[in-house]
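Take a look at this one; I'll ask things after.
A, B, C, D, E and F label the chains in the order they appear, each numbered from 1.
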């Protein structure tokens, strides 16, 4: 079920059979000369929606803006400060927890989100810990490329030039889902440099076209389709395992 | 152009010819027994995307969660506290302003958002005012039903039972766009009661099935299509006027 | 009763017969060449204190600083950021609610306050909604010019040049109450221009003497007295109605 | 001059001859069986307004709500959390500093405010210190009872039973200014107990009628008048000295 | 017991016989040409650890960074904004209170901390007061120089040139504890000037070498030892008294 | 150099030859039946102080409280909420950056800190990114067990039962530095269970004595000494490399 295409009564019904909800989460940020600005939120959305066609999971609307401050010098990037991001994640979780969901599964599409999302979970737990009570829900973060089989597949598809930002694997996923939005460019150099991530002016000075360590020219819609199918199947499994996990006595 | 299906370089190019961006904004909240939880963010997204097909505007990703605390006792609702909502709007605007956009046009789909969005704009302006500098961008909020011709059309389509929440007009818009997700129910009473909006428990006690003053049973996809076409045309005009507005000397 | 001229024991006594309190709220901000800086908090204070002489209502101290960031380039303006304003309103309401007041009636004197006050109310309700409990009090905002009969009277007094800031009606109210502080000036133009409200430098560039759309030269203490009497009577009625409103079963 | 009864142009004129502004600040809180809830903001207002009649000082509107959390179990108390109070003081100061005031003199009427006001000043200075720039204005806090001669006079008027809350001196000041609101009660014991100040339930358990160490029965309007005259004269001197203080080279 | 060298089970045991914990708190900031940057947190730590050898008290880790914004133009200073400081103190107290400590005794080494620490305590109490519940723990702030006998001793040791920052007494305490880190310099003038404390640039312009009113050249390790012994003995007494204090009935 | 045992003038001197500062950072939290509550801040402090004896590095005071909300049900734990922790880290960094340090190296002793520290760095960078300016300093986080050679050594010392909390390696480090505080206990089971980390009540229910996956009984002071020597040497190298890293052109 897609939560946003359901009624509240249908969600009430779903809660009778499951207390788990999947939230695609990403970022809207530059992805080099050919990557879509939406890449990092489109990927988990594409995968979660594909999984939803195959299994009885509930998928929330996509949390489409994340921690992308370092990309702000490339237009089209929209970023939340970590502190804002944490508050927003907190309100999403409190809302879903209030409704009765006990397992909140975030399928993430942006490496730069990880630290802040984990900090947001701790903030939510801390609220309960100081008060000496149970939180009532558990949160889990999973990057789509960490789903079983996905990185292995990507490594076999792109043995060199995968890199860490504007990677051929994520671009392939969007090419499969949005073939009408496939872009091309000459990459110079073919494989982008890599290094540390700091403030936006530093980032643009280091990474002239926005890529980090990647050669996105290797992406094809077909490879994207393979990745999506692998990820969607693994997602169903992983969500089921999380949903089945029992609380301590 | 849809921002999330564009590259940063394409946005850089767009900024050469326009400094205006349209941001659909809404809420994910219960909409009565037959309305989709996504109704309030889907409507402005549907209208903005329709307009984008007809005119040279840039549409940002949809801001899909808003001020919906009063609906929290109906499952599926996801709400931001006003304070969180303001911070998030602030970061969206700062990001877009940083990129060079000078006119930020929010097409809103949820009446409950209006006060907080306006407060968020004032917070952004205040930041500049205390510092004695220009803000660099102007913000505008427009509810889709306030676009020229829309309310008149809705009044003619639904002379009674339009109401203020889970209205037949907004449900018609989603029916036109998502015909596969049309729901039905018996409404009792046919036209829902109305009254004040306070905390969630108060809300659910007053409005048993979530509707306020409305009879959504009148919605049809055809009426939705008429509304979308009227709104999309008016949006193009309104965005153009906002973009053309000059700053004071 | 004026709360600040009462003892806590007298308030305890008042609470035996009423759980409603009236809070005049406004702003301290420039009001053109002849309007008092205090206009927007003086008007609701004047009206509430006049009503208090005629009926058994309890009037709290005046909340005299509001959302006036756009006026900051005119000296004498004191403004709260919306986020600060919301926190302060929140603490006022929590304090009064803690004492047992269940109906908090804000009589407002500044249009620019409306969005932020409404957002503050929602923030307070949200606190209860996420916690799944009742808030314990209800908040109501009423602009003094929206009290029954007031706008109609102002329209008849000032058929042209009423405008929206530094209006002849609000200035008349202060002239009636503070005749020793009546100011005069030549207005050029007689009726000020109008337009959007943004940051302070933008505001001062658009509205050279601070007025928006108004000709305050039409104000007289007599007209002010008529407005105060009409507003005070309507206030008593409106407060009584709010106090009588029952919570849902 | 009273700022709120002036126009912005008059303030612009005042700034030509002085960059100092006096802000009465206090609290609205229980003051025992006979003290007015407004005592702590009325006293500095009364004194500042009296001084304003005698010297060329500018008096801002009164900051009438302060740090009174410990009094919340007595109805009529309105309190700001320290964090809220600091933000509000910050915005007042930024507003006045933006207008060109370089010396912000807070005349305080509530001992419980002192720590938070000083912390608020440090927060304002810190903003400049981290940025490596000048703050542009200096803040000063003075309790009215610390004005030259006042405590000596109060000691001579009330050699025993002055206490620290609901004191005869502060009540005398309000009796002088608001003779129509003089209250009486039997005090038992005549001199109230004293001790620590903690949360509101602890406070009410320790101090049954709200007084701390005081016998307010000794207050008279005449003694209040003496206190006001002494304080007003000293205030003019102290404000002048603060205004004359030069910044370091 | 030193908390950080204990196990949680040992703390559980300690709580069986005492609910009081001592927290040394200070600041890391410039202390003139010869004072250690750590002076203000080392002094309370030295005294508390000395007392711990002589009596059965529990000493928490040292809170080593405080409110030192005015010293930021001297390198080595590390400062928390008051708002940050308050939040951190709040979390320390909530943690210790959650564990069952009912008396939190802060031994402070920095005058500039006092206002903010007191405001932090009020913030903690306010949290309980608005909620209408008991806080569960009481907080006490004591400056080490306010412990019984300490200021009298310092006055006899340093009849002139004690001053208020980089004082010979605090430097003597660190000399006694860290003889390997005794520094020397020519002081010009021998006794430093004094005046107000504002932002960092103002502070450095007024106080060229960082001292305020002091002649630290009088410090010796022997005088420091006397101060430590006096303070440690008084601390044990004061902590015992605080621990023995009963809550109101 | 130890910053807290230096004068500001000595730091000014150090800045002539290096712009790098090392900040030990950890947490004060339960470490099982035999681990010290201070383990996680003592370990990086021990290692950094050991390195400081061997190389010309500057070591700041230890940031001794971190993100430990999950341990709050074991007494002696002191935790900062992630949001508080981020603000405090921010103020430390701004202070040191203001002084001229361009490389801030955090040596971390607590895995639970990682996400929040990284989020804090991003918050600091974001401040600069939205403003379109350089941050002026770079931040680096290194866990002491990730220093070159340390984990390999620990694996050889403790091939089984190392675990992730209250590990024999961290306990060995504190045993080496604080032999007077070595504790013993019977562990049951010898190797503790492992699992997820959530709120405090959940944690204590899962991990009865506080350990996660570890058998701390294998710790000896000798092994601790080996770890410290390896880590200290690697720290000097790693700090030098970070200090030598050039900014992009």
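Before moving on, here are some points about what is shown:
What we mean here is this: a residue touches a chain if its C-beta (ideal position, glycine included) is under 8 Å from a C-beta of that chain, and two chains touch if they have at least 3 such contacts.
Heads up on the chains, UniProt names are A, B, C, D, E, F = Creatinine amidohydrolase.
Bear in mind the structure is a predicted one, so any value in this text is a computation, not a measurement.
Of the pairs listed in A-C, A-E or B-C, the one whose interface repeats that of D-E, with over half of its contact pairs matching by residue number, is B-C.
Summary of the copy comparison: rotating chain B onto chain C for the best CA superposition needs 180 degrees, to the nearest 5.
Farthest from chain F in terms of Cα centroid separation is C. In this assembly, the C-alpha centroid of chain E lies 25 Å from the C-alpha centroid of chain F. Centroid to centroid, with C-alpha atoms defining each point, chain B and chain E lie 54 Å apart.
Between chain B and chain D, the centres computed from C-alpha atoms are 47 Å apart. Residues of chain F in contact with two or more other chains: 72-73, 79, 81, 83, 95, 98, 129-130, 132.
Under the stated contact rule, the graph of chain-to-chain touches falls outside the line, ring, star and complete shapes. Of all possible chain pairings, those that touch are A-B, A-C, A-E, A-F, B-C, B-D, B-F, C-D, C-E, D-E, D-F, E-F. On the chain A side of its complex with chain C, the touching residues are 94-95, 98. The touching residues of chain A, when paired with chain E in their complex, are 129-130, 132.
Residues 67, 69-70, 72-73, 79, 81-83, 86, 112, 114-116, 118-120, 122-123, 125-126, 128-130, 132-135, 138, 196, 198-202, 205-206, 245, 247-249 of chain F are the ones that touch chain A when the two sit in their complex. Residues 3-12, 15, 28, 30-38, 41-42, 60-62, 64-65, 72-81, 83-84, 87-88, 90-92, 95-96, 98-100, 178, 181, 183, 185, 210 of chain D touch chain C in their complex.
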